[in-house]
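Across the two complexes that follow, chain A remains constant while its partner is chain B and subsequently chain C.
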Partner chain A sequence: MARWGMVIDLDRCTGCQACVIACKAENNVPAVGAKEAVRGRIISWMQVLTEVEDHDHPGEQMRFVPRPCLQCDDPPCTKVCPVYATYRNPEGIVAQIYARCIGCRFCMAACPYNAKYFNWHRYQKEGPGQNPDVSVRPKGVVEKCTFCHHRLQHARERALAEGREVAPGEYVPACAEACPARAIIFGDLSDPGSEVSRLAQSRRAFRLLEELGTKPKVIYLTEGEGRG
Partner chain B sequence: MKWLAVIGVIAVALLTWGFWWEPAVKQPIEYPHKTHVQQLKLPCTSCHQRAEKDAVAGRPPTALCVACHSGGEAKSEEIKKIQAFGEKGQEIPWKRVWRLPPHVFFSHRTHVAVAKVKCQTCHGAMETLDRPPARPLKTLAMNDCIGCHEQWEWPNEKGGGVVKAVARRVSTDCNACHR
Partner chain C sequence: MADRADTRDAVLLAPIELTGRGFYLTVGLLSLLILWGAIAYWTQFDEGLGVTGLHQPVSWGFYVTNFVFFIGISHAGTLISAILRLSKAEWRRPITRMAEVITVMVLFIGAGQILVDLGRPDRMLNIIRYGRYQSPLLWDATSISAYLTASIVYLYIPMIPDIAILRDRVGKRKLLYTVLALGWQGTEHQQKVLNRAIAIMAVLVIPIAVSVHSVVSFVFSMTLQPMWHSTIFGPYFVVGAIFSGIAALIVAMVAFRKAYGLHGYLKPIHFRYLGQLLLVMALLWFYFTFAEYLTGYYGAEPEEMKVFQAKFSGPFWPFFWGMVLTNLIIPILCLVRLGRRTIGKVLIASLSVTVGMWLERFIIVVPTLSNPRLPFGEGIYWPTWVEWGELAGSFALFALFYVLFTKLFPVISIWEIREGREVGLKEVEERLLTYLPDTAEPRHAEPERGW
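Presenting the complex of A and B:
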């Protein structure tokens, strides 16, 4: 069984936000409006965190850290869900079942990466221009990056019809597809020959807040200092 | 005050009317499945052509109906309506009867072409209908989906009988269906 993972090469990332926009369009992530934004309610499954390197000369050198849901192998968020609306599925994707979610937001509090978001209102209705493969979230549920698992549903549907396994490269999330710098590489971590597996073994590899023991499957690459 | 209460109750009743029971679906043409399936022996997929190739089963194009129903003077109102749609080059605006909520992924191809599940297992005896169904003959709640997935046994290809589905279990992972 596959174990889906992602490698993000911070030395390649230019902070262009293409992944952020691609993610929003793909997953019907709502724009919450200015009033809600001021209250800190912006929803952005993929977010480019910025870090000023040289505090004496701010703005001269920036570091960018694209942050989707890190799809932890030992996720703190799923352990606190009282209703099994979020759990780690057999292929390692941390699922979020909106229909089941009761909106208690324990998982948001538990996530050390702030990767989960709450729908304080019904931010949008179903309509044309949305991706029909992703349901529009109602008011009162938590949402987050799902590694675009609807794309896996389609890839598997095709593979089943053709009597084969999902081929490498057939299932890729929108952010990885959109990255012009090829900083985001996606694939099966259980396949030692895959590009993600090889990159994840690199001496440049590190994980965010590794010391917490969450075992993220989004692995970052960078040369030199300032890791983690 | 009393009147106000009465008006209030009526207003609430009217407002929630649609949620009490599902409204009956009225199709533009009184299409009989029985005539076409039982008498003419048309296979389901001759009209619902995408069921074996796609996620949705689809409805036949007007051209297909007209191919049989254009000949001669139309006897009935219903046939006249079909011909009118045909002449205008329009598709017949069929309404949906079976519909899953948008947060569920379902593919006909997986079930019809790969698993070889009969249409009737999920849709009931469509071939016995003299007129379009106003409601689903069979509802498909989550328990029905998972119930089948859990106990599914693949037919044994070599000999007769069935093999216990240890080799390839049908998924019951929430993420397989929900999106």
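Presenting the complex of A and C:
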């Protein structure tokens, strides 16, 4: 069985936020509006975190860390869900069942990466221009990045109709597809020949907050040797 | 003899028989606060939790604080009354009922906070349909329902003889009292069964109460978050719960003493003993707090330190130092010397601790969430009128439940007071004699063999 994973090369990331926008368009992530944004209610399944490297001269050197859901193999969020509304599926994707979630936000409190988002209001209704493959979330439930799971289902259906296996590269999330710098590489970590597997073995590879033992399947590559 | 006792304890039945202007005034005032809470909740139900001040990353705020706080208050009752009963403390008699009522009433309010906090209260029953026992929230649900059940039974059983008195003496609500009295006649056999049942429940309810606030703390300590992931959270929360419970009990005692003229029953000595207990708990609470914070500070893990600094000198300093002031300094100043103006001093200390323990719960819940590990913007949390309304409404609803209870049932156990006069006095004397060296057959001061 496949183990879907992602490698993000920080050396290539320019902080352009194309992945953020592509994700929002793909997954019907609501635009909450300026008023809500100021109150800290932005929903952004893929978020580009910025770190100021040199605190004496802020803005001179920035570090960009695109952060989707890290799809932990040992996720702190699924453990605490009281109703199985979030769980890790056999292929390692951490799923969220919007129709079951009771909105207790325990998973948000438990996620050390703050990758989960809450629908504080009913931010959108179903309407034209949305992606019909992704359900629109009602108010009061938690949502998050699913590695564009609906794309996997599409790829599977296509392969099944044509009587073959899903080919490598056939299933790619919107963020990886949109990245102009090719900083986001997606694929099957269980296939040793895949590009993600190869990059995940790189000496530059690291995981966010690795010490917490959450075993994320999003692997980062540090900036080049010159940066240490 | 029964008649004489009846006239003696008439003041305990007075609130049930007569209703004055003060009652309507109180109910009116409380209803206004409850109305504010109801409007707040309706607004939130209609528009979503967005009407509160919650956001990313502070996704838990007032409601979870209230939950921990109210469930903590519930430890007043059962635990104190059970421990006093088991340790045969004779001064418990006018106190136990009040304490047990607090527990039952406040548990409803505490459990209600979780419902208020849910984004989808309509799906509440999913907790039963799809319940998942790995989640500490399920532990809470289990433990709190067990506690609520046990507390109701533990409140009800010692009330049976009093309900029988009401059935025989009060003209109103005959049917209710007849049914609830379960045919109590006060025979020797009935009394024996009753005492046995009370003793069993008193033993049973203590471990349940300890489990309740332990699993409430596990909601926080089972996560990996800085300053939540701590091994002492279970006992720390239980100590804080008993601490705040005693304070709430004292406030209720002072209020009803004044409202119903119970000066003859709740004497300064009762307040002094409870005040001393409160002082001991204040010191114990400080010990746990000190151990918890010193460990975090000395280890100086960067993530822990971020939260520590936020509490100690950062944006949460007024809450943190307010907590130290109200939970430690004021109680110590009030309670070390209780010789004169006992009740006033104990009341001030208790009100202070009630505020302080709420601050303590707040300072545990919010600063951790507002300091995420990854470089997000820091989240400062400001509640809106909705959360304030819920808070006011919750307190008012609790008070209203309590007041209504006192209009239906005596707030001090009549039969236990009588038992104290008739049986307790003699029993204590006999018991005391068994503690002392035998004087019946004075033995010669002959050293035993081998010495």
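Throughout what follows, the second predicted complex is superposed on the first by the 222 of 228 C-alpha atoms of A that agree within 3 Å, B and C clash if a C-alpha of one lies under 4 Å from a C-alpha of the other, contacts with A are read in each partner's own complex, and residues count from 1 in each chain.
Everything below uses one rule, namely that a residue touches a chain if its C-beta (ideal position, glycine included) is under 8 Å from a C-beta of that chain, and two chains touch if they have at least 3 such contacts.
The structure presented is a predicted model; accordingly, all values stated were derived computationally and were not measured.
Engineer: Determine, for the superposed model, which of the two partners chain B and chain C contacts more residues of chain A.
Structural biologist: Counting residues of chain A touched by each partner, the higher count goes to C.
Engineer: Which partner does A:Cys16 reach: the first (chain B), the second (chain C), both, or neither?
Structural biologist: neither
Engineer: Which partner does A:Ser135 contact after superposing on A: first (chain B), second (chain C), both, neither?
Structural biologist: After superposing on A, A:Ser135 lies in contact with chain B but is clear of chain C.
Engineer: If you stack the two complexes on chain A, which partner ends up touching A:His149: first (chain B), second (chain C), both, or neither?
Structural biologist: first
Engineer: Once the structures are superposed on A, label A:Cys104 by its partner contacts, choosing first (chain B), second (chain C), both or neither.
Structural biologist: In the superposed model, A:Cys104 contacts chain C only, not chain B.
Engineer: One more residue to check, A:Ala205. First (chain B), second (chain C), both or neither?
Structural biologist: After superposition on chain A, A:Ala205 lies in contact with neither partner.
Engineer: Between chain B and chain C, whom does A:Pro90 touch in the aligned arrangement: first, second, both, or neither?
Structural biologist: First partner only.
Engineer: Identify the residues of chain A that lie in both the chain B contact region and the chain C contact region.
Structural biologist: 100
Engineer: For chain B, which residues count as touching chain A in their complex?
Structural biologist: Residue positions touching the partner: 55, 101-103, 105, 107, 109-110, 113-114, 173-176, 178-179.
Engineer: Considering only the defined contacts, which chain C positions touch chain A in the complex?
Structural biologist: 47-50, 53-60, 114, 117-120, 123-124, 126-127, 129-132, 134-138, 141, 219, 222-225, 369, 372-377, 379
Engineer: Hey, which residues of chain A end up touching chain B in the complex?
Structural biologist: 87, 89-90, 93, 95, 97-100, 126, 132-136, 146, 149-150, 153, 157, 160-161, 163
Engineer: Using the touch rule from the top, collect the residues of chain A that touch chain C in their complex.
Structural biologist: It comes out as residues 36, 39-42, 49-51, 65, 67, 76, 79-85, 100-106, 108-110, 112-114, 117-122, 139-142, 208-209, 212, 214.
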